[in-house]
């Protein structure tokens, strides 16, 4: 209560709280009164106590998310993606091109990814771009390329979905659905992927707090899907020498608050190829459960984010880093997926798919 | 070019630029070479010059948006919403409840809005909420309430749409479609509202630069809809004594860069009722073309954002402020909409609509 | 207390608090215990309770500043600067060149300032510059120029001091000492100006919260000097189209928390001449007690911050704005200082002062 | 030049540049003209071209710092502190209490520091505190304690100086002078430590860009002192779950731009004891040349920043981490200082020093 709250203000708060079926504990000090509330927190939030006379501030003490919290599930979870685990015992590398451009480029990038130690293939078919004049992705033709490359390499596929309308289509091809940073609070999309029966990679919004990120995960979890992997990809700050500022502390903090695995995207965080290796190393020893890295066979002609893709000469260095630092952390690299990956590639030949971009 | 760029690096850049049909102008200094590029900027962007040997930095000089720029249309635009103008000659007040809760609450809020000088009614039927446990809005039942209140008061309706899937439904009831801060870069949604045949209120993303905001508007404009009103609603900063930090400078800056009208939301910027009047005054004299304000007949029981809603005693003060400061700025308040507003209210009785919330 | 706190943890906290002479009130809920503490807050802070077993979080409820708070002095203060008031009844314009360069330039700028309605003259003799290669000010020779211009125009002088070592020198010439944004937490300097017997203009640090700003003011106040004027000058954010982001909400918020006057610097906030008038208008109607504005007779050759200085043609517009909006806010412009300003100008002739810059 | 620049505007710019002895290269495109300038950059900055008619923007391409840049000295520097190196071949741990409180506490903390692998002792005698009511340090009595503990342990001493006035005193006791985050742009202080003949640890300002940090280092270097170590200690962002956001990318970026060593402060970055180890690991593999860590024998009673100090059980873990990850990075831990450290401890007995705090 404010310093100048009247006794009737205090009584009014207590009455409103008790009328809502909760309890109010009044602590009286020399200059101030504090009222502790116990009960259904969301119900209490709806009481709008802050607008009552004499109320100085309302501070919530319990967390705003439940299913994804450590209180709900004390251990740390493992999420399986087409037979490849992401969790506390492994360091899982997801790699591939920022955008799927052609079958050749995607297959070459997948082989690069594998050479770097990757067991999951990333690649964008639907691309959210800040400028409407930038390349927007191949759409379903890109998904078919990814499925073909999975059939060729055995690597399960992680790809972004940008609209609730596309979730079923993307889920028909992909092993894991990615929610991009701009869609972290696209709630209809979160609910749609929550119901799609695929694991989800949830990127942190570029100005989202860790708490908001976990609330976004809660939207997915509420639909019955707890196979969620959190992805730190840098936040927006005043510093402009990097594309974003990698919030390396978010890795352990999110792992303390939530049982979900946390991976790091060093490519989008730094926005420059030279930063990918230092940030990858930092992420692993900060405790990340994996990395997601852009690779491109010809970054100088990439249609999307070429400057941040690593190139062939970086691959063995990254592979050695992963092996060495995973061991330091008492972890291992996961085995490649064994069987044909779970989602089926469509029968159409690859060349045609590219001939008819959406 | 970097200080240590070789002559062959410079030649390579020039060749690549010219091969793409653009021109390269080389300026040689004592310690550095600068190459000026002229041609299709997006094509040049795809060349990925930054990844070439010897390139130090690539700086874009022209704007990344076209249709919404002052270069495209030198004057300032007027957007008509159900017969009410938003533009350089007027200060237009949009007011109403943050969320539509009941017919009575909405009608009472609309009457408050009118008493404050509003000519457009705002109210949320689809509510994007950070927490999945918070009230998510009445959905289509809420739209019907808004339409009924429009029929009763004659005030055209501004309401949010959160999913491309809902655009047709919302457009059937609303006079103006609002895109919320969390959806500023939801590109499928932007494209859908661009094709919906209704004016759009585009809120700035909470961490979006002014340039990104204008690129988001360009997504809408590209679909043939230039009836876009920009809404500054505060940005995310380190300061926590206000919900967001109102970027008052964004009003004139956006107006210099774009011909679109710019309005300000003092309610969500400050997040506290006491700030609504000071920020409203500041917005008008900074040159805003209008305001969008939360009002609620009973803010202490509001299901959404009660602490920031203004109350009955604030209404005449806001009305006087509008009149006085609009005159100071050489503007006027727009006349109320004359005829029945353009979108038709459905025939169903109001009580039933509320009895079956979505 | 954390959800898993043991009874002995709770007892230990209570014992430590009571041993320190304060009181602990225990509120027991279903899943958590909250302990309210009452007593000397700084003593309680030193107990370091957050490090004790079972403690979840420690939240301070009372303010961290005292002398400058509204609780200490409920009304709003007026600060007199050489006979010119800054406070709730007036809108006081402080104007002048960013840096003192020559007697002619300073005198011309002072006349411009007066034409714009200014009653106080600003001008920097000691300039803190981000780059060591930028012009650092004339030092004491600049102070002598300011004193001569005061003698000529009757305008009391506001000037920056950047080092505790210089405080006595600057105080010998100036009517008000300015603490710049980079020195807001230069505590020895704050203490030195607190003891110097001159009113102080305290600029907000570019990344300081309002609370930290008021704690910086408290450092000055503790030395017995409550003649402090707070100056909002923009904060650092991700937005780069303006030099800083003017936090217009800080004006009313700081006035609610503190009895000190609050002025706004529209020149440094925006960093561009075209923004000075819109931001000045916004500041006045947000309730600012004054403005501090850069003027320069020849901004195109200014040694410091030329792009943000207003020019001759802006002066009558600013004067009209001040008069019109001060009246709207129920305020007036202060009368010019009557008598010779309080601090004495040294006897040396002006030309010599300039001939020997420090 | 702006799109609507006139030919005479372009000529005026060229004439002014050439009159200043520099060269202007005009590149004419379809819609715009770009003028490249070559010459003395600071002289060109003083021309204030941005204020000229028709000028759209002025972009500086060369760096604003010289002596500390890689262009000035292509290799990476080693800074010797009392015989202990900080540079590219080593990972140097600086550890000790946040504040010097008593001889016993300081000696115990120094032994803890050594057990964790530290070869340099940190400890604050002059403490800049946000609140004037917080413990401000023991002053010179604290310096004497540090000198005594150095005599006892052989560890050279790193300690903060907060005022130009104190630099000689602190330099008489300390082996390295620390500039804190709030003083990064206290230019008189930077100049004073630049002339003091001791190596300097320069913490990054909490909202300073990397470029501004390097310009602050340039102030020190200009006085003839290139023995500067940069310290990343977290920046201010919107995220509040950590005290600051460690900008881990700043380590490699600063090392690319400057030859100076870069160390990381994981204690102040995270503000919580549990984050010290993860952030220390991340810092080493990101390439940091050292760490500076808070240790305290009894953090629960520390007078300053107790919650972030590591405790006895953390020491062997940190020591193993340092050894293991330094080896991974091809570095080693430096040998302890051999001889008596360079600065002399005063002769006064320890007990008296404490009996008379400043």
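Letters A, B, C and D mark the chains in the order given here, with residues in each chain numbered from 1 onward.
Keep this in mind: contacts are C-beta pairs under 8 Å (C-beta built on N, C-alpha and C of every residue); 3 or more make two chains touch, one makes a residue touch a chain.
Just so you know, these numbers come straight off a predicted model, no measurement behind them.
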{"item": "Chain pair with more C-beta contacts, A-C versus C-D", "value": "C-D"}
{"item": "Proportion of interface numbers common to subunit B and subunit C (over half same, under half different)", "value": "same"}
{"item": "Rounded Å distance between subunit A and subunit C, as computed from the means of their C-alpha atoms", "value": "42"}
{"item": "Between subunit B and subunit C, centroid-to-centroid distance (C-alpha), Å", "value": "33"}
{"item": "Whole-Å gap separating subunit C and subunit D, where each centre is the average of the chain's CA atoms", "value": "27"}
{"item": "Residues of subunit A whose C-beta touches two or more other chains", "value": "207, 236-238, 240"}
{"item": "Parts of subunit A lying in touch with subunit C, wherever the complex brings them together", "value": "3, 23, 25, 27-32, 34, 36-39, 56-57, 59, 61-62, 71, 236-238, 240"}
{"item": "Complex contact set, residues of subunit A against subunit D", "value": "207, 209-211, 235, 237-242, 245-253, 256, 269-270, 274-275, 278-279, 281-287, 324-325, 328"}
{"item": "Touch list for subunit D against partner subunit C, complex", "value": "42, 45-48, 50-52, 64-65, 128-136, 162-165, 182-183, 185-189, 206-207, 212, 215, 218-219, 222, 236, 273, 299-303, 306-307"}
